[in-house]
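By letter and in written order, the chains are A, B and C; residue numbering begins at 1 in each of them.
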C-alpha cells in the first residue's frame, strides 16, 4: 500500500537512559547503578495475574483482550477523553473480532492521551521488548500493529510459562479469595515440568465488610470452605484461621487488606459476637458494620502475628465512585478514587498490641502522599514490624517514585521499605514496571552519590538490596 | 544630583533563559520549546480586569493606583513586613499625590521582600517590557521610577486597548455579578473600532450564601434583574437560568464558583423550598444555610449541564481571615487564607448525576496541593467532564507549577488540565504571568524529553496544545 | 592485630561539596554562597542542651552515653531494625562499661541503616571534624572507634566550654521548666571566665495539660515557685507571668509550646475559672481539659504580646505512640509520631487578637509539610506577627529543607521564616546541623540564581540574612 511519497511511519525508540537524570555526571552514576541490577531476577510479591494462566499455560487472546480491556490504568484515560468503556470491551461478554479491532484503533487514535503517564512507558516497552513491534500507535498504524501482535501471541514462545522464564521472574504472587481451593497453585506445585514459584495471597476483604450486599452468604461459603460453622464470630475467626493455614500450606506469604480506612480496633468478645449476630441477621447499621469491620481487621492482624503471614494494607480508596458505571459495567473499571488517609491514630491499637511482636509484619501502601513523610516513615522508623509500601497504583510512576524516596528515606532509610510491587493484571507489563522502578531507584541513589550523601559503594549495595534482600525481608520470601 | 563618584544604580536584567532548567542540555530543549510558543496569542479565560477599562479605553491612574493598591499579591507581603495597608492606599478613598508617591517609596524600600516570589518576576517584567524602565527599585530609585512610570502611562499608547493589541490577547474573560447588565460588554460588541474579544463570566457566589448579611436583598435584586419573583426557590432557579442566558448571549462561556468547600448535594424540591423560605425569612441556622448553599450549587451544576456554561470551582479558602482588617479596609486585601480541601466525596453526587454528561464541564482549582495527585488527577483521569485547573493564586509560581505538572501528569496526562488562568486584576502583568507559565511548562516538558519520556516532537505538540487547544477545550472557547 | 593481607578499613571522606547541587554551574554558585556563610557564628535559638553542662563545664561521658543513648534520632532507627532500646542504654540507670561498649558495637554493626538519613551526615561530620576519627563504623572498627572517642573526650579540650568556642556559637538557647530556678544560667551570667551567651526558654506545656496525671501537683509547685496561690485560674495566670518575668530576667527570649493541636481559644473569665476548678478537683472530662488547655494557650499568647517573649509553637505530634515502651522506658525515646495539622482556623482567634500587635511574635513549626504552602506561608505572608519555622525534627534533612524553601518562599519570601533551629540534645552535632542547613539554603538559592530568579548579589545578601538577621529578628535576639 505504501508509495515512495509516503513518509516512513514513526518508530518507538526506547532510549537506554530513559528515566535517568539529565545531568551528565549524575546520569553516569545512575547508569552504572542501573546496569548492575537491570538483569537481576524479578521478585513480584503482590499482583493480580491468575495462577491458572501459568498452571494451564493458556495462550493469550486477541490484542485488545490482552492489552486493553482488562487494564484499567489504560481504559480510564481513554474514558476520560470521551471513549465509552464498552467500546474498549469493558463489560462486553464476547466481543467480535471486529469489535476488538475497533477498540484497538481507539487506543491508537488516542495515543497522545498517554503522554507523560507511565502507561506510555510500559506499553512502549511491551510493544518493543516483549512483542517486537515498534510502530508508534496512530490511526495509520493501528491495523498493522493489531495484526503483528495477533501473530506474535499466537506463537508458542509467547505462552505464560515461556514468558515467565524470559522475564526472569523468580517468584510471582497472585491474589486469591479465602474460599479458593488453590487448585492451580497445587497443580503448579505438583507439575514436574514447572520450576517457577507462584504463591497465593490471602485477600479476605469481602468477608469483613458486613455493610456490602451478600456478606452473610459469603460468610456461609467461607464456613463451608473451612468446614466450620460461621454462625458466630468465634466460628468466623476459626474459619479464617483454617483458610489462612490452607493458603500457607500452598505457599502464601501474605494476607492483603484494602478497606476505606486503616483503622483496626479490637472488640471485646461479647460486643464482637453481638455485632456479628446483628450483621448476620441483616440488622447492622452502617456504623455497626464499620465497627465490626475494624474489629475483624484487628483479628486479621492478630492472626498475622500468630501465623506469620505478612499483613499488607492498601486503604484510602473510594471504590466504584461512579455508581452508574458500576451498575452497567461492574467493578475495577478505573473509577476507584483515593481519599485522604490517616495512619498515626488508626494503627495505634494494632501497634500497641503487635508493634514489637517478632512474628508480626505490616506493610502499608497508600495513595495519599502526604502520609509518607508525616506518618508512615516516622512509624516505620520506630516500629520494627512496620514497613512503608512502595508507591502504589497512581503513584507507580517515575516522578511519584522520586517523591516517595525523597519523603521516606530521610526519616526511615531504605531498609524499612517494601521493595517494588507491580500490583498488575497486565502480565506482559511486569518487566517494564520493575524496570521503571529500578531506573527510578538508580536515579534517586545517583543523586545521593552526586551530592556526596552516599559513596558509590554504598549506593551499589543499596540498589542491589532494593531488588533482592529488601522485598524478600518485607514479604518473608 | 549625581556626581562622578556615585556608582550607577543597578538595572534589572531580564535573562532570556529565566525559569528554564539549569542543566545545559535540558535548557537547550526548554529554550526551543519555549521559543515555539512564546509569541502565540494569549487566551485568558478567567480574570478580574473590568470590561469598562476596554469599553471606555480609560487612561491608567498614577503608578501606585496602577501597580500597588489594587494588587493584593503585593500589598499582603508588604503588610507582613509591618507596612500598614492604608499606607499603600488600601481603603483610602482619594489618595493625594503625596500619599501615592509615599506608597511607591514603601514598595521600593521593601523591594527585597519579594525575592523568591513571583511578584518580583512579574513586576520586573512589567517594568522592563511594558513600562520601559529598568532601575532596580530602592530608596534611591523610587522617585525616578515613579516619575518615569507616570510619564509613560500618560501616553496614549498605554491605554488599555493599545495594550490589548500589544499583549497579543486573543480573548479576555472578566468576572461579573449576575445582576450586571453587561453594558460594557455590549458596548464592546457593538463598537466597530474594537476587534478584540472580551467575554463576561457569571459569578453568583453571593446569591448562594444565605448565611451572609444582605442575602435576601441580593436575591430580591436578582429577581428584579431577571424579571421574575425570587420569593421561592423555583423563582430563584428561574432567575438564575435567565441571567445565565443573558450572560451567554453576551459571550460568556463559564460560570465561576468559590465557596468554603466543594460540596454539591441536591435537595429534594420540598426540602429546598422549606430551607429557602427559612433563609428568606432570616431564620436559617448556619447549618441550614450551608445545606441550602450546597443544594443551590448543585442546581448551578445542573444548569451548566443544560446550558453548557463551563462550571469552574475555586473552593477551600477562609475569606477575610483577619476580621479587624476587614472591618477597617474591606475584602480582597490579601487576608484570604486557604484551608484543606476535599473533592472525592464532595463531588460524588454531582459526578454521579453529570460526570459523563456530554454538555457538563467542570474545572476544579485548588490551593491545597495535596489534592492534585490524590483526588483531582484521579477524578480527571476517569470522568470526561472533569478538568484539573491550573495552579491558582499562591500556586501561580514557578516551583508550584512544576509540582502541579509533576503531581497531575502521571495520572491524568496533559489533555485533562485547564491551560493557564491568570486570575488577575493587574492588567499590565497579564503577559508576564502567561510568559511565566509558558516557561514553566517548557521546563517541565524539557525534563520529560531529557529523560526520554517524550520525544521532542511530542513535547512540541504538547507545548503548543497547552496554550491553544487545551484552554479552548476546557473553557469551550 | 592487622596483617599485611588485611585491606585497610574504609575511611569517611567528607566531601567539600556535599549537599550542593550536582549541575556544575549551579554547584559553582552554591559553593560560592556557602563559602560566604560557612564560618559565620552559630545562632541556636531553640535546643535542648542542659545549661549545667556549660555552667559546670562537665566532662563528657563514655562514647555511648555521649553519642547514642540520649539521641532518639538514632536509637529509633536501630529499634526499627529490631535492636531493643535497652541494649542501647535507653532506660538503663547505670550501664556498665561492657554494656556501653556493646551498645556502641550495635550502632557500628547497623551503620548501613542510616544511609540516606541526616543521622549519617551528622554523625560522619561529628566523627571526622569534632572527634578526629574517620573509620567507617562497622563490626570491624567498633572497638577502635570506641577507644579513640573515649580517649578524645577525656581531653580537656573537649569540655563543653572549649567546644562552645571551637564551634563558633554566638548564642545558645536551652529549654527549661517554668519552675526551674535557672541557677545554671545565673551562674554563667555571673562567671567572669565565661563570655558566651546561654539563654533559657520557657516551656510550660505540662502546666497546661490538665488531662495528664499529676497536673494539679505541678500547678501547686508552680504556685510555690512563683510565690502565689494557683488555686484559681487568676492565680495560675499570675504565677505564669511571674515565672516568665523570672525567665526574661535571665535572658529568655521565647516561650515554647508543643501540644497536640495549635488551637488557641479564649475562655471568658467565669467559664475559665469553672473549668480550672473542675480540673483542680480532678473532675475535668477529656473534652473539658482540652478546652481548658486551649484557653490557657491563648493566655500564653496574650502574655507574649505583653512581655514580648516570642511564642514558638510545635504542634501536631502524638506523643509516646507505643504505650508499652513508654511504660518500660519513659518518654522521648523516638516514639512520638506526627499527625495532620491545621492552622488556618486554629490560629484565627489569636491572630484576630494579636496578629498585628507590635509586640506579639509567633513562630510556627510543623512536621505536616502540607501546611507549608497551604496555610503557614499564606498566614506569614499577611500577618506581621507570624513567622514560618524552619523544617523541624523529621524534616531537618536536606531534601525536606529543599521542599520547605520551595513550598514557603514563593508565597512568603525569606524574611518571614525563622532561620535554622537545631532543636538538639546532641551538643557535638550542633555545627554539623547548622552546616547542613547552610548548605541546603545555598543549594536552594543557587537554583534561583541559575534560572535567573535572583541575581548573585541578591542571593549573597539572602544567604547571609538567613544565618544572621533573620533568626535574630524572629527570636528577638
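In this text, a residue touches a chain if its C-beta (ideal position, glycine included) is under 8 Å from a C-beta of that chain, and two chains touch if they have at least 3 such contacts.
In UniProt terms, the chains line up like this: A, B, C = Uronate isomerase.
Since the structure is predicted, the reported quantities are computational estimates derived from the model, not experimental observations.
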Mapping chain-to-chain touches, which pattern fits: line, ring, star, complete or other?
-> complete
When subunit A (Uronate isomerase) touches subunit C (Uronate isomerase), do the two copies use mostly the same residue numbers, with over half shared, or different ones?
-> different
Rounded Å distance, subunit A (Uronate isomerase) centre to subunit C (Uronate isomerase) centre (Cα mean) = 40
Got the subunit B (Uronate isomerase) residues that touch at least 2 other chains?
-> 21, 23, 370
Which residues, counting only subunit B (Uronate isomerase), touch subunit C (Uronate isomerase) once they are in their complex?
-> 10, 13, 15, 17-24, 76-77, 79-82, 112-118, 120-121, 318, 321-325, 334-335, 337-340, 367-370, 394-395, 397-400, 403
The residues of subunit A (Uronate isomerase) that touch subunit C (Uronate isomerase) in their complex are 21, 23, 25-26, 342, 344-345, 348, 351-352, 355-356, 370, 373-375, 377-384, 386, 406-407, 409-416, 447-448, 450-455, 457-458, 461-462
